[in-house]
C-alpha cells in the first residue's frame, strides 16, 4: 500500500497500561479558572450555579456511555472533580491516556454544552472557553482510595472555611483583601469560626453542605415500586456494567465455563440511577453503613 | 494541618515527563463519530461543515493561550487531528498527561461551542455530545516528524479515494453498500479513478483539495504593510512564544549570562497569524521551499 | 564549573519509581544457560550442585547488606530466582532500575565467586561467564503475590515432571531425544508418573523435593537459647530492617511524634537467619499455618 | 494446564521499551566502592590495577556475545562505566530492563572472575563482593550523546585534579585530610596545578592519561595484513552486528526485497577488535577526525 513506507512512525506509539488490578482515580482541574470565574462574575466565596454545573457535568461523565458505568463514585469541589474506578475495571484495556482524555473530553463537552442552562445571561466567550486538564493516579487497596477521597474532602473543608471568613471580612466587613489575608494569617479553625460568628452572626455549620463538604456523584438502586409506576420517569438510568471476573485477568487457557443448555432465568438486575449528595465521607460510618458500604468491593 | 494524615495519597502521583528534547505529536480522535455523524446527518463521503468545524476547533487549539503558541503545525482529516510540537517545547514541564489532556479539552470545548455556527439546524443532544480521545507520541528528529505527517496525509488520500468512489456507486450508481464494497475489493488507485471518471464523469483531481489532502493549520507572518494599515483587523494573532534556549535544558549551575546595562533595542518581532491550507506535504518540495521550510528548526 | 555546559545531559535521566505501596518481585533468569550447562556438563534432568549454587547465591542476595533485609522470601527453580518485597519496602526510593540492577549484580557476583566451591573441577571460562537478566513486577495485594509464587511452583512441578520422565527415557530407556519427546506428547501428569514407575521403578513422590518443589529462601527466628549458647555461631544473621511506617508514605507536614525524654528500653529484637527449604507453598496451609504465615503483613 | 489458574499474574509484567530510534547509554556505578576500595587497600588517588580491571571488564561487555557487538563505545572513570548504543540498535526489542540488567550482569561477572588476575594477593570476601547498579538514559541525537561523553570526561578531569592535589597534600605534604580539604576549598584549576608543581614538583599534564582522561573502549578495524599473518592471534574479535535497516522500524507490510537467485559474493567484512585508549573526546577534533568520526552514524 502506498502509505506503508511511512507507517514505521506508528511504532513510536508506546503502550501506557495501568497495572492490571489497581484502583484508580482520574482527577480533572479547571485551567485558568481564576480568570474564567472573574470573567463570568462568579459569586464569592462560592457560586451555586458554577458548582451545580460542575456536578451536572460530572454526572454526565459517570453516567455516560463512554465509561460504561464503571466509574463508581466521583467527588467534586471548586473547579476540580475526581472520578474513582474499581480494581476490576477493564475499560479500554486500562490504557492510561485513553481513559484520562476521555474523561476530560466528556466533562469539557458537557460543561460547555450545559453552560447556557446555568449561566443564561453570561454566554461563553470563544477565546475564553472552559478548559480542564487531567491526570490518572493508581492505588493498591480500598483504604488508600478512601483516604484519597478523605483528602479531597478535608481540602474542601479547609479551603471553604478560609474563603467563607475571608469573603465575609471583605464583602461584609469592609476590609481590603490584603487586610483580610493578614487578619486570618495563622488562625486555626476554631478562631475562624469565632470570627464568623461574632462579627457576622454566621454559624459555620449552617453553611450550605455543598460548600462545606463538596459533592458526591454516586449510584443508588431505584426501588422496584418506583420503576414500575406508570409514567414515572427515572433519568438517567444507565445499564449495569457487564459483570467483571473476580480475578484481575482471566488465565488465557482456562476451560470454558460449563453451562447447562437451559439457562435459568436470572432475576432482573435492579435499576440504578445517579444521585448527587453532600455527605461526610471522612468518618468511617459512611464507609461502614452509609453509601460507601460495599462501594469498592469486587 | 487537619488534612495531613491523608496527604500521603499525593505521593501516588507519578511524574510522566516526555524526554527533554524529542519532537512530539498529540493526536486526537473522535470517539464514536460513526454514530455521531449519522445523528447529525453528515454528508457522504465528506461533510464540508463538519470538516470546517474540525479545522476551526484546531485553529483555536493552536492559537489558544493554553499552548502558548508552541504548536507549530496541525494536520486534520475526518474526525482526527494531529498537533505537532518542536523539540525545544518546554510547555508545562513537558508533562505528558497535562499536555494531552489540555489539547483534548481545548479542542472539545471549541468544537462544542462552535457547533451552532456550523450546524445551526441540528443542535447537539446532551446525551450524544462530541467526544475525543488523545495520545502523545514522541519522535527524535525532523525526518520522523515529516514522515509522521506524510503518513497521515497518505492515509487521507487512501481513505478519501475509497470513500469517494464508494459513495458515488451508492448514491449515484444505485448500488447497495454491500455491492459497492464488493465492486471495489482489490481495486488499485488507478482503477478507482477510472470507475469515477467513466461511470460518474468525476475527475478525482478536481475533488476539493480539503477532501484529498486534509487540512493544515500553520502560522504565517503578517506582512508589515498589512499590520500597519489602520483599521485592518488581523485575527487571531497570538504572541510569539518566549524564545527557547538552544540547549534542551540549561545546566543548573551555569553562570548568569553577561549583559550590558543598556540593552540594545530589538527590532520588533514580526506578527504572525494562523492559516488553514490544503497542500501536499508528502513531496520534499513543501519542506524544502514551501510552508514546511524551517518549520521544525531550533 | 567547567563541566556545566554539558551537565544538561543529566536532565535526560527520567525517574522510574514503583508505585508507593505495591508488593513487588524481582525475577532473574539465566541468559544462555542451555549452552552454559552443556559447557559445564550439568547432570540431567537436575544438577544438584548447580541448584545448590543458585540457592546459595540467592541467600547472599536476600541476606546481603544491599537489600537491607527487606526481601522477605525468594523462590528458585532451574536457572531462575524470584525475590519478593513487601508493600512497605522503601529501598532506594523504590527506583525500579536501581533495585533490579542491584539484585542482578549481587546475584551474579555471588554465583561467580561461589562457583569454585560447587564446581571445583570445571573452572569458569572468561568468554562464557554466567549471566542473568532481570525484571521487576508489581502486585497490589497479598493474594496476587501468593499466586505469583504458586505460579512459579506449579511451573517447577510441570517442568520437573516432564524432564524427569524425558531423561529417564533417554538415559535409562535408550530412546533418542526425539523418541522421548514423541512418547511424551499429549501425556498428562498421571500418565507420566505411570511411565516412570512401570518402566523405571521410580515413584515420582520420592524424587528429591528440591527438584519437585523448587527452593524457598526465607527468614526464621533464631531461638534465644541457641543464640545465647557460648561459642555457637549463627551465620549469616543480618540485622532487622529499620521498622517501616504503616503508611506507605508519611505525610510531609505531620507533627513530630511525641516522645518522653526517658525512652523506655525496648526488649531486644529476636535474631533471625535465612534457611532454604523445599516446601509446598501452593496449598493454603503454608500461608495459614506454615512459614508463609504473616510473611506479607505490615 | 494445571498452572493456568495462577498464570494471570503474568499479565502484571508491563513492557518498558525504549523509544524506537533514540541513542542510549547504560551507565553502571560501583555500589559502596568507598568501603570496597578500603578493604582491598586501593592506591590513592588512583589504583592502576583497579582501573585496568574496570577496563577489562568493560571490554568483556562491549565485545561479549550478549550485546551482539551493538555497543559502539564505552567510557570509564573511577568505579563507573558508560556504554553507548546507536539509534539503530534493536537489541532485545529495546526492552530497557532487559538491556540494563544484562550489561550489569556481564560487567559484574567479568569483574568478579577477573579479580584474581589483578589483585592476586587480595582475594574477594564473600560478604563484600563487588556490586554495580545501572540505569539507562535515552538521547535524541548525536550531539547529545557526544555531550554526554564530554560530561563524563570533564567530570573525570575535575575529580582527578582535585584528588591528585588532595592526596599529594596528605601523603607527601603531611597534611591531615581535613587540612587538605580546607587548603583546597575554593581553589580553581590553575591554583591546584600551581600547588602541585610548586610544592611537589608534579606537572599535572604528565600525570597518567588514564587518570586525567578516563578510558575509552572502542572498536578499530584490524588491518588486513595483520589478520593474514599466520599465527597472529587477534583477541577478541567479535562478528559485525547484523546490518540494521536505516529506518527505525520497517513497515509491516513492505514488499519483500527483490533478490536475484545468484547472490553476488560480498567482499569480506573487515575484522575489528576492541582497543582501550585515553584520548581527549571533549574537543571537536576527536569527533571530526579522530576515533569518534562516523562513530554514531547509521
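Letters are used for the chains, namely A, B, C and D, taken in the order the chains are written, and counting of residues starts over at 1 for each.
Assume a contact is a pair of C-beta atoms (placed from the backbone, for glycine too) under 8 Å apart; a residue touches a chain by one contact, two chains touch by 3 or more.
Keep in mind that this is a model prediction, so the values were computed, not measured.
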Legend entry - Higher-contact pair (C-beta pairs counted), B-C versus A-B: A-B
Legend entry - Chain whose average C-alpha position is farthest from chain D's own: A
Inset, instruction - Report the inter-chain centroid distance for chain B and chain C in whole angstrom, where each centroid is the mean of the CA atoms. - result: 51
Legend entry - Cα-centroid distance, chain B relative to chain D, in whole angstrom: 43
Inset, instruction - Starting from the mean Cα coordinates of chain A and chain B, work out the distance between those two points in Å. - result: 30
Inset, instruction - Could you list which residues of chain D touch at least two other chains? - result: 1, 6-8, 12, 14, 19, 21, 138-139, 144, 248
Legend entry - Residues on chain A engaged by chain D in the complex (per definition of touch): 1, 4-8, 11-12, 14-15, 17, 19-21, 247-254
Inset, instruction - Could you pull out which chain B residues touch chain A in their complex? - result: 1-3, 6-10, 12-14, 28, 31-32, 60, 64-66, 96-98, 100-102, 104-106, 108-114, 124, 126-127, 129-139, 144, 147-148, 150-151, 154-155, 157-158, 189, 236
Legend entry - Residue numbers on chain A that touch chain C, as the complex places them: 19, 21-22, 87, 138-141, 144, 248
